[in-house]
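Structure in structure tokens, see below.
Chain lettering (A, B, C, D, E and F) follows the sequence in which the chains are written, and residue indices restart at 1 in each chain.
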Amino acid sequence: MKTVVLKRVTIIAEALLEERLVRDVKRLGARGHTVTEVRGEGSRGVRASEWEGHNVKLESIVSPDVADRVLEHLAATYFPHFAVIAYVEDVSVVRGEKYV
Amino acid sequence: MKTVVLKRVTIIAEALLEERLVRDVKRLGARGHTVTEVRGEGSRGVRASEWEGHNVKLESIVSPDVADRVLEHLAATYFPHFAVIAYVEDVSVVRGEKYV
Amino acid sequence: MKTVVLKRVTIIAEALLEERLVRDVKRLGARGHTVTEVRGEGSRGVRASEWEGHNVKLESIVSPDVADRVLEHLAATYFPHFAVIAYVEDVSVVRGEKYV
Amino acid sequence: MLPYRLVDALDLLRLNLLSPMVLAFVLGMVAVFVRSDLRLPEALYTSLSIYLLLSIGLKGGAELSETPFATLVLPALATLVLGVTIPVVVYAVMRRVGRFGVADAAAVAAHYGSVSAVTFTAAITTMSALDVRVEGFMPALVALLEVPAIVVALSIARSRLEVSAPGAASGRAEVWRELLTGRSLFVLLGGLVIGALGGKAGLAQVAPFFVDPFKGALVLFLLEMGMVAAGRIRDLKKVGPFVIGFGLLAPIVNGSVGVLLATLSGLSIGGSTILGVMAASASYIAAPAAVRIALPQANPALYLGASLGVTFPFNLSVGIPLMYALSRALHGLM
Amino acid sequence: MLPYRLVDALDLLRLNLLSPMVLAFVLGMVAVFVRSDLRLPEALYTSLSIYLLLSIGLKGGAELSETPFATLVLPALATLVLGVTIPVVVYAVMRRVGRFGVADAAAVAAHYGSVSAVTFTAAITTMSALDVRVEGFMPALVALLEVPAIVVALSIARSRLEVSAPGAASGRAEVWRELLTGRSLFVLLGGLVIGALGGKAGLAQVAPFFVDPFKGALVLFLLEMGMVAAGRIRDLKKVGPFVIGFGLLAPIVNGSVGVLLATLSGLSIGGSTILGVMAASASYIAAPAAVRIALPQANPALYLGASLGVTFPFNLSVGIPLMYALSRALHGLM
Amino acid sequence: MLPYRLVDALDLLRLNLLSPMVLAFVLGMVAVFVRSDLRLPEALYTSLSIYLLLSIGLKGGAELSETPFATLVLPALATLVLGVTIPVVVYAVMRRVGRFGVADAAAVAAHYGSVSAVTFTAAITTMSALDVRVEGFMPALVALLEVPAIVVALSIARSRLEVSAPGAASGRAEVWRELLTGRSLFVLLGGLVIGALGGKAGLAQVAPFFVDPFKGALVLFLLEMGMVAAGRIRDLKKVGPFVIGFGLLAPIVNGSVGVLLATLSGLSIGGSTILGVMAASASYIAAPAAVRIALPQANPALYLGASLGVTFPFNLSVGIPLMYALSRALHGLM
């Protein structure tokens, strides 16, 4: 099967940020995304608004360029004051043109 | 720790397809799978039956061969008319014999 | 964007084990973790207590050392009698110092 | 007498539009328009769906257990006739007038042939708010209308499509099984059987859960439906004016035929209104699932846009009082 | 008199089998057999479990607050005797007759020593459907039967197993804590305490939520239990005829002893039936969790297959009327 | 008369503390302390929140539909005064006395200016348990107190902070939108409108769902709140004695002013108690979300520790009876 290697960016953040993260990721060039509800613990134990649910995990398959831009943006905008982590992996996708 | 490198196939699809995808993946040689309920957006905005829940993410750790066969099958069967994406990654597993 | 390569350990296990797995993983050096509720099927079809929900997926980003220790511990403690699988992947994270 | 009837219908419209149930639907739409972060947990929505269908089934079944068979025969026949005719006619209109492809036309036919459980419930609620008696066995007719319509529509598509789309369920047997075991119909039928076997005594045991809070639960459900419907509105732009016109006309025509047949079959004013509304309504639970499986190449924006974006709100606001007015007129004539 | 009793028992069987609760259980099984895609959201199932246990606890506690201590002593003693004896006997039978290993035998002993909350609720429901009075403090006895039985069974295993399995909870303290803080028992005991402190006045405040809709909520819960039980049926093939026979005989023997002791302790016909059913039933909420933690090497197909696949449906259909007939017979004799 | 009042207040305290609702809160705390694995599904918690807010709104709206405008003017004015004054004063105290930074002080001000829906509900419940009449339009005042308080507090912060934190919502318009469309307030206001349009007749249709089971649903909700509050207790260690003292004093001062203004505005004993409790309470639904978005640099351990860890339990136990006693005293004087 012919596959193309792209990047999967994963962002784990307080659920409160979901709407904005999706907006940002789209603006920076992602053509799709998938959100999972998760819970977790990290260095900042506290999560705001209990009603919001705990955390969300946002995954998006993008080109290396877009991946880089997303990480830059997160680092500048959310890392200082929000409970957010992000990481990147290589994935082999079918129909690579769908994602770029 | 001794580990073996295998493939993790991830399929994200409309929830409606869960039962069939599980059946197909098993038939093609997967020895196990894990399903997560997710939501998402891609090129096709529309999801059928609202009652079905949004999307599911099916992950299965398999040998490279099986991974390939699964991708082939998805590309032929589901890609034309369903909202489905799929990708493959390398993972190092303990007890590799469990998966092949 | 400057990133560091670390390990992501993923553990999929009966929900019953969540509390203990979290405790163990922390003790072995993980600085954070994320839990997702999933369902699945593997070689052992049976899950105990139906009330517990099905499975959980615990992910933790750690140094290669810690990853190894976690796998060792799982293999010795849980693999014999519990429905547990575990695998490791490379991930590129921003703010690498957060995880070690 | 007409002016009086008109005033009456307007009253009904107001009553219908200011009930907490319909207002909740509007609130859901507003939530989407103002981009509120309100979102009902999916588990709540699914639970409510199961609850509502089970409740409708239980009540229908309990009633059925006390209905003599003879009373049922004619209304059941009328329902079957509707279930076969509507999809055939809708298919023809979509093909000839709308110039749609086979799969799309059949998909719309399946939706308009079958029944919207929420519209049905809203109609029942309206009748009871007006103290109009309704035959208790109407939920049984829902099942009777739902199944054949979908099967007829899908059969038309099958016989006209050379090869089925990749991924489509193959074989009529599989479609039948998917349909009958699909959760909506399964729960509705299951409720009917439980209600019929347990009778009124059985129903009484669970009434504080399945009967009394029903309308309140509907409020939450319609809140979600409003959000879903609002989300569909952008689909309307994609599908164009023909589909919007169709979504407004189809319920009037199908519903009128439904009221007429119902009246001929001997149903009361209330019962005829309900069967009319059933005919007028378009499914968005059972049909989309069946169509998605059997005709994946059909365009969901088309069939969901029409059924959920146009016909559903139309029926809630205009359709139900219209069918009631019609039913009263026809019963007056006869 | 015997023929009359028999007819009576058959009537009861019918009543029990045609209640919406039991029919929902059957519907759940059917859903699995016909491969319906019906699935209750896990959140609903968990919520219902918490609701049902809290409700049973609250009602028991409110009743307890008005029960003189003296009334309680003998029934509590009878319950404790059952809680210690049943696991010991079951363990011996599994080891000697069934030739199972220590862990498997102890796991089964823990399950049959403790109580199935749903079977308990079904029995309470049957009694109230028959207008048979039941002592209100029975839920307190559930807690009293649940805990010792599991502890006894696990202690037997501990003392006989040289080393505990890797991953097993170590130390009796941890098992006790896991047991008492396990959600089922915690919620049941919590409800008891809240009910006892708030008394009947407190209960009255929340009755429209916790008392009136109880049976209806049970319908949804049993729908899920039916699906779970059906899913267990394939396990039965794995475990063989001995376990099936055991799953049918154990409730009869344990239940009869339960009814006898209850009658001797002065409980009414209704109360003795309930205690009998409690003894006859096998836990599938608290016990599996405790066993899984403390004896991970035991085979879940064995203990869940027997308790959920055989004993649970047996009790719902045959066990409850049997215990009632027995209780009436014994009270007649005394 | 003072001793009599004191006895009375103690009675109330007991009544309040032994209601199933408050006991459930305690049970939730116990669950955390003994490390039970009890956890309510998040979907249940979210569903309950929506249910409770909608229910409060519906009841308030139905009442509002029958309230003459003139009756509302003065109490609404009193509420607005509270909504503007409290955040200003709290901000000053936090800055001058507590020596906190701008963001932290404003965050706390937003919380104490707005209202805790659960405390409000508990107060309503207490009044109805004591058969004290309360004006039906109080829920409308909740919305009136909630919004301005948060806006005032955030405006103070904005005008004093040179640059907003990265990631913070920019522009007052966005904060307003986030606030008004935030799910809590949106559902509460939506309920109010639905209730007002539907009137008492509309409410009656859904009463078996939204009115009768309300207190029971509150039991489940408070079980979860207890777990959340207990989880916050470790936060208290981080924030130190000043915040704890503040969390105890603020409700007394704010609440007393609230009762006074309410009494002057002509509210009854019951209504004045409720408005006092509203002033005394600190939000933990709408305010945290707004603050998190607009002032991400503020420390959640501080504002949640104070509002959820100290003030919330204080109000449930001491605050409500205190406000009632005060309201009776003031009404006696006037």
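Criterion: contacts are C-beta pairs under 8 Å (C-beta built on N, C-alpha and C of every residue); 3 or more make two chains touch, one makes a residue touch a chain.
Computed from a prediction, not measured in an experiment: that's the story for all the values here.
Steps from subunit C to subunit F, taking the shortest chain of touch contacts, total 2.
By the document's definition of touch, common neighbours of subunit E and subunit F comprise D. Each chain's centre was taken as the mean of its CA atoms, and the one lying most distant from subunit B is F.
The most distant chain from subunit E, with centres taken as the mean of CA atoms, is A. Each chain gets a centre from the mean of its Cα atoms; for subunit B and subunit F, those two points are 47 Å apart. Mean C-alpha position of subunit A lies 40 Å from that of subunit D. The geometric centre of subunit C is 35 Å away from that of subunit E, both derived from CA atoms.
Across the assembly, subunit A contributes 36-37, 89 as residues in contact with two or more other chains. Shown for subunit F are the residues that touch two or more other chains, namely 37, 41-44, 46, 183, 208, 213.
If you check the complex, the residues on subunit A that touch subunit C are 10, 12, 36-43, 55, 57, 68, 71-72, 74-75, 79, 85-89. Those residues of subunit D that touch subunit B in the shared complex are 42, 45-46, 49, 165-168, 183-184, 228, 235, 284-285, 288-289, 291-293, 296-297, 300-301, 304, 308. Residue ranges of subunit D in contact with subunit E, taken from their complex: 41-44, 46-47, 50-51, 54, 58, 177, 180-183, 186-187, 190, 193-195, 197-198, 202-203, 205-210, 213. Within the complex formed with subunit B, the subunit A residues making contact are 1, 3, 6, 8, 22, 31-36, 61, 89-95, 98. Those residues of subunit D that touch subunit F in the shared complex are 18-21, 23-24, 27, 30-31, 34-44, 125, 129, 208, 212-217, 219-220.
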